[in-house]
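In the two assemblies presented below, subunit A is common to both, partnered first by subunit B and then by subunit C.
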Partner chain A sequence: MAGQSDAQASTFSAAELEFLAEDELIEIVPNLRMDPLNLICGDFGPFRPQIATQVPIWLAVALKKRGKCAIRPPDWMSVEKLTQVLEAERDAEKFQPLPFHYVEISRLLFDHARDDIPDIYMVRSLIEDIKDVRFHKIGTGLEIISKERTYALRLKNLSAMEANIVRPFVTRALETFYKLSSPDMIQDSDSVQNRQHQTVNRGPRRQLKDR
Partner chain B sequence: MESGAGERSSQYSEMDDYESLISTTDAELLKRAWQNEKAAPQILRFEAALVQRSREQIQLMEETVEEYTRNGSDPLTVSLYQMDLDRTLFLLRSYLRTRLQKIEKYMFHIQKTTELWNRLSRPEQKFMGRCIEDMEQHLDQSVLSKLPSSYKSHLKQSSSSEEDDMVPEPQLDTYVICRSNRFLGAFQLDDSGEETVNIEADDLYALPYKSIKPLVETGQIDLV
Partner chain C sequence: MANYYDIDDVLAEEEILPAVFQQAADGVGLLDSSDDTNKVGAGSKVELPFWLARDLHLRGVVSIDVPPYFKKISRTRKEIGADAAHVDLRSRCQYFYELGLKIAPLVGDKTIGPFLLVAFQTRYKEVLVKAHTAASAVAPKHLTLLTNEETKLYEAGQSSTAAFKKWRMGGPRLQKATVLGRKRKPIE
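And now, the complex of A and B:
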């Protein structure tokens, strides 16, 4: 009937997420002299040798590729900070706060600014570990959907890439449970009578689970 | 059917202008509109004023780049301006294309729902009109004209159907992932008011689109 199955359940492609992440600001130290840039996405510069300035990542990468600047990795990308995050991530059930685009940003910097990141191997493996721990948590965390009646899910501190990866599964699962818990909804009618049915129907379902 | 899209967008444009003045750049707003449009199951209101302004900025930037190239400015600077231009062009194109895809998918539904029809820009309305003509003709020539008379409608399975049951509609009870940049407090999920959720600033939530539809349409919540 109405509503075909959604072919592109994962709304954004990895490339599109990277595109979004490239707009995040980062500090660079230019080695050239250049007038301020008045771009559509904002005004940046002026650029003076050895004087740090903030630019979007795409701009930083473009300059870096031409050897015109050094990129200063953000604070959260230091070995010290990442070690803390990893420990906390392992200890606590909650997700640690990290930048929304941490996966994409770290990837961009690993690809284009290797020589600007101190202890790059350490940093890289820490981020990999953090990613692994978080994905494991996401996996176990999702069990909650089947355990109790869930109408809404709060995904506190989940990053863009993580949310995008779980999106097809989570949205489908929630949708299915939502429909199962109110069979009348499928028939597409929302009279008052039906709504009463729904509440009645929810009762026995929960008991079934408890057994 | 000729719509009030004109009035509607001008009324909103003032709001848009005001909002962009006090808070964000058009690039940021366009990015948001693009994300919302991509993530929403239904077609959203055409951001007429924003698209207009973006077009103007793009044109201005194109002229700037051309001028810089002509008078032999630093090629690095020119290429950076060009990159910025390309990024904005991509956003605008992808935004318009996402809408066209939705229109193609749900044209018969949009056609009979005035509220949705009014959300389209004039060129989009024209596009949909032509789409519908082609689709009707195609269905008719390939199948419908060869069927018995009670099965000839492209909207109904048979003339005994009470509703238009062959019209694809967006599923509004689908779940979306959203984020608000401010605290919205306890928010009611269903009509009965049994289920509420506390929407905090900057947190991600997976919620049924249907229940946050008004918040998306008024820009209080963003889809991600």
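And now, the complex of A and C:
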């Protein structure tokens, strides 16, 4: 089954991540009158016409499909914000803070709430650009694993989807590097010092971007 | 350290090594098929799989020699030094790294460790770039050069990137669970 993750690999499939992202809250403006919903994950509502309220995305999408609400796109999904992020992303070495599930949320909203997003074409292409810039950064960032001895990577501000895509590759690569650079194999004075150092420090950790 | 049930670990130990018998041995003529005496004389050169060579080596029966690609002065080392990314390691030994790790402590060659690391460091970059960007047209040619370990690394990167692209392109969001498709057997 393509929708499910591989039982052996310790990764999620994209569809599973999308499912997880549906728990994020989003603001809707209902056009129906309904009592509060008491769900295990919390209470939502009451729903009054034209009074905005917060609900999980899955609920928002379900209501939207029935024409019972308008979805308010989150703050970060505006043209100005995204332009800022894109520029900062291009200039800075570090990853810009974006919602953890920004890839999934944007796709969900593009699929189900096209009419609620102002300047949808602009927003969509901005998000695509941001995503491409970030993926390129990840690619160049991962080269540093090979340059110095690395035991762990700090993935600050990396989103769920991005982390998930590189996870199988990175874990395998780190594992192999770990095996090949074990002190038994590389015997020089430098590594002996390193070994003593590591027991205290659990080894050097690399930022994904630090050059 | 290695997982007992790891098939790659088992297969890596199947690699053939050159070895020299230090003592004469009876009843193992099949290892040295030059005559019918069913004996192996001291000093005869044979080829043994790693798992056998290791144990005999530890008992002092044979002495192991490293395969040509691990020799201190060899073409492979020179090639790795020149352009590691395009050396065909697969045809030399599918389990290049695994075998290297196992053999280095046995023969006490301290240069093998750094050699393996340098080889993997350079080749890693190539795999990284190919795995996350390459159109499938370029990949097969490159893939034939990779060892088993590198192929797996490549596939790990490639499959997750492909899965993401597929999700982004859309397609059916809902899939039928496999159990639902089955026909129920009539009860007799």
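Throughout what follows, the second predicted complex is superposed on the first by the 173 of 211 C-alpha atoms of A that agree within 3 Å, B and C clash if a C-alpha of one lies under 4 Å from a C-alpha of the other, contacts with A are read in each partner's own complex, and residues count from 1 in each chain.
Here is the rule we go by: contacts are C-beta pairs under 8 Å (C-beta built on N, C-alpha and C of every residue); 3 or more make two chains touch, one makes a residue touch a chain.
It should be emphasised that the depicted structure is a prediction, and the values quoted were computed from it without experimental measurement.
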item: Subunit B versus subunit C as contact partner of A:Asp35, first or second or both or neither; value: first
item: Subunit B versus subunit C as contact partner of A:Arg107, first or second or both or neither; value: second
item: Touching partner for A:Ile165 - first (subunit B), second (subunit C), both, neither; value: second
item: Comparison of subunit B and subunit C by subunit A residues contacted; value: B
item: Which of subunit B and subunit C A:Thr11 touches, first, second, both or neither; value: both
item: Which of subunit B and subunit C A:Asp132 touches, first, second, both or neither; value: neither
item: Contacts of A:Ser146 with subunit B and subunit C, given as first, second, both or neither; value: second
item: Intersection of subunit A interface sets (partners subunit B, subunit C); value: 1-3, 11, 167, 172, 179, 185
item: Subunit A partner contacts - residues on subunit B that touch it in the complex; value: 25-28, 31, 35, 38-39, 41, 54, 57-58, 61, 74, 76-77, 79-81, 83-85, 87-88, 90, 105, 109, 165, 167-171, 173-177, 189-192, 194-195, 197, 203-208, 224
item: Sites on subunit C touched by subunit A in the complex; value: 97, 101, 104-105, 110, 112-114, 116-117, 120-122, 124-125, 128-129, 131-133, 149, 152-153, 156-157, 159-161, 163-164, 166-168, 170, 173, 175, 177-178
item: Footprint of subunit C on subunit A - complex, ascending; value: 1-3, 9, 11, 13-15, 18, 107, 111, 135, 139, 142-143, 145-147, 161, 164-169, 172-173, 176-177, 179-181, 184-188
item: Residues of subunit A that touch subunit B when the two form their complex; value: 1-4, 6, 11-12, 19-20, 22-23, 32, 34-35, 37, 39-42, 58-59, 62-63, 66, 68, 151-158, 160, 163, 167, 170-172, 174-175, 178-179, 185, 190, 195, 198-199
